[in-house]
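Note that the chains are named A, B and C in the order they appear, and that numbering of residues resets to 1 at the start of each chain.
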Amino acid sequence: MTEITAGGASVRREVAFRGGGFIAMPKPAYSWIAFAGIIALWQLAISAGWIDPVFLPSPASIVEALWQLTVSGDLWKHLSISLARIGSGWLIGSGLGLIVGVSMGLTSAGRAIGMPLVSAIYPVPKIALLPLLILWLGIGETPKVVTIASGVFFPTVIATLAGVDSVPRNLIAMAQSFNLPTRSIVWKVLLPSALPGILAGFRISVSTALLLVVAAEMIGAQYGIGAFLLTAGNLMQSDDLMAGVVILSILGLGFGAGLTALERVLLRWR
Amino acid sequence: MDVIIDVKRHSYDDLLVLEDIKIQVREGEIVAVIGPSGCGKSTLLGIAGGILKPSEGKVFLEGNAPPDCLNPLTFIFQDFALLPWRTVEQNVGLPLEHHKLSTSDRQARIADALQRTGLSDFAKALPKQLSGGMRQRVGIARALVVKPAVLLMDEPLSALDAQTRDLLMEDFLDLLLHERMAGIYITHNFQEALRLADRVVVLSRRPGRIKEVLTIPIPQLERTNKAALAPLAELGDRLWSLIRDEASVADREVIHD
Amino acid sequence: MTKGRLVTTSKQTAPFGRAAAALCVAALLCAASSADAETVKIGVAKSTTAAPVYVAVAKGFFAAEGIDPQVVFFEAAQPVAVAVVSGDIDVGVTGFTGGFYALAGQGALKIIGAHSREVPGFHGLGYFVSEKAAAAGLKTVKDIPGHSVAFTTVGSAFHYSLALAAEKYGFDMQTVHLEPLQSNPNAASAVAGGSVDIAMVPSTSGLPVVQRGQAKVLAWVGDETTWQLGATFISAKTADTRGDMVKRFMNAYRKGARLYHDAVTGPDELPKNGPQTAEMIAIIAKAIGQTDAEVSTALAYADPDERVDVKDILHQIAWYRAQGMVKGEFNPEDMIDKRYMIPYPQK
């Protein structure tokens, strides 16, 4: 392609390719191979005696513990109770978070009041407040749901506010120029436009809810994945403990996949 | 229906943007507004359309809007301002949703607007599936659906490539000449101004003041004739000389945002 | 404190607490350390029950045996056992837990001495009853069936104490609503707010609630059911490879226990306020960072020779097994290292 004249003679050289790279290609097979490899190595390390099972139970014993949980019917009991707590806590927390986030995004007063409050309260560790929470709300379902809801509330507020702030102003101006009532502007322009940000917030809040189910079930719970984990930890039953962790991870993966599917449907327009 | 703009002054905080702008646009008349970047053209249009409040001044409508007009002052936006999650027909139908209309009237208006902009086959498409030119057609259809009396256009073609722009400009002209609408057309582009406008308002650099108003004495339909070429070229030179000095100074200003 | 230094760690719960432990070791190395003394890290939960350790450190008994004692505080008993297994701590002095027995059952831990005992007159662990339940007639431990009891965790010392009470009074544990709340403050809070009828917590957590008029003392565990609360323990490896150090450690430790016992215990093994009591209280208060007044209400009983109540331990293990909280086959006798311990005389 390139012709360079050197000493009167024309020399032709091919231009070397220097682009490419810097793009993540989907390679699902790699994930599975790496995952299987780690598990195999782990099992090997224990079978060969390199790692003391006192410190780390083997994958086989974790699977055994999971199997025991399943056949005894306890798994379903723990799961159903925890899912009810996670579900109601998440719904309440993200519902309120959406309302507060939108009000803060829409009104200057809401923002002026809300911003410092959110910044001040969000980083408070909920577990440190458990004694107070118990004093206020007792030890029934309420404090458990409130623990999860309060953890979900703040990331939702922040994501919603960011979503509302990112709504293109010209869309609002367009809606106003057609005399759309304020309520319609919120429902038809603002919320759909903020939806990607809100859904991204849901990813965080769903993980938060899973994290907090353990904290929530510190409060007088006999059943639930969190209670199961805590008991296993207290009794140093490391296979049960890891089985509980696996269940939480699977729940996390499941919720993540659910949200991805939801995004695919709701954000098809992007 | 006429629109009368009488802005004494408009400023953003300390930044004076517009001063002493008086323009009257009559029914059926198209006024192009041209001026260097940042001189306040979009601000002026926003004020005219009632979505910006002037620091001092008023805008009036005079006369009667057509009987089926739902939104006398209607915008067409430079960046189209389409809702990306709505299909073409849903976007076009948006301005009708809060009006009490019979289903048949609603559908007829949408169908008519789509048909006049050549979008009938794209009713179910999402904006992301359309080219820039088609998207602006959706913006135009959305404006037509309310049967406006005054069309406010802020550089509606500047986001498009040159060929699309030329094609769409003819369609625009067609629409504007067939309705008895008043039109304000903001542009950077002399060709557009000379092709579409009955009068051209030239603004000075910021703070924008009316520097000159040029009347183009040739009817739009005759402007493609050979005979019109020379006088139009002359008007073009005139416009360019009016704006050149302003533009070169404006270009060197520090932007105050 | 003449010789040893007290080091506070934050909550060490992970079995891989080495990094955290390494941090505090590094901190210790920066401080001047006695040249030839053998460093021994002693893991305790931050409470009055490890009093003999603090006394032996403060009085220089360890130093006299050529040991440089480094007391590492943990937020709970369980992580101490884990840290001893992992080798981050040389000697643990804490209460028993289900987790302790699970680790010991796998042969990882060896009991070499006692820890505090729950005995009459000493106010270690208590039953605290809410004002509401007290008014409604909950007056003694016998009345507990049908009521709710909050405590830290399933398999904790409180859970076991309650099971002993159930044995003693012949009530069924199934009739008690157990509410594990994971921490003493949580349990104290629950009884203060009246959401449970009883909280079983240490006196240090319970008495402030009583002083605020939000609960009453129902009974003390020591008065109701005597039992050995915990142990002094080492890893199996330490037991086999560092026998000399362990013997010297126990000598110094027993000296501390004797001094402490004689200072706070009078005839019939009941608490007394003698000439040396105040000094002991001051040593403990300084070690665990509480006021003298707080410590004086929570003095724990210590056996003067740190003798191990083997029969009691076997009884505990049988209970944990029956609950399914300790699994696997093992001989409980194997977890007691007879080379170092002195058995408690059986009646």
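Everything that follows uses one rule, which is that a contact is a pair of C-beta atoms (placed from the backbone, for glycine too) under 8 Å apart; a residue touches a chain by one contact, two chains touch by 3 or more.
Nothing here was measured: the structure is a model prediction, and the numbers come from that model.
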- Item | Category of the chain touch graph - line, ring, star, complete, other | line
- Where is the C-beta contact count highest, in terms of which two chains? A-C
- chain A and chain C have mean C-alpha positions lying a whole-number Å distance apart equal to 39
- Message: As a quick test, compute the distance in whole Å between the mean CA positions of chain B and chain C.
- Response: 83
- Distance-wise, how many Å sit between the C-alpha centres of chain A and chain B, to the nearest whole number? 46
- Can you list the residues on chain C that touch chain A in the complex? 13, 15-16, 78, 81-82, 85-86, 97-100, 102-103, 106, 108, 150, 153-156, 178-183, 185-186, 188-190, 192-196, 325-327
- Query: Which positions of chain A touch chain C when the two form their complex?
  - Reply: 54-56, 130-132, 134-136, 138-140, 218-222, 227, 230-231, 233-238
- Message: Give the list of chain A residues in touch with chain B in this complex.
- Response: 168, 170-171, 173-181, 184, 188-189, 192-193, 195, 268-270
- Item | Touch list for chain B against partner chain A, complex | 46, 49-51, 71, 73-75, 77, 79, 81, 83-86, 94-95, 97-98, 126-128, 146
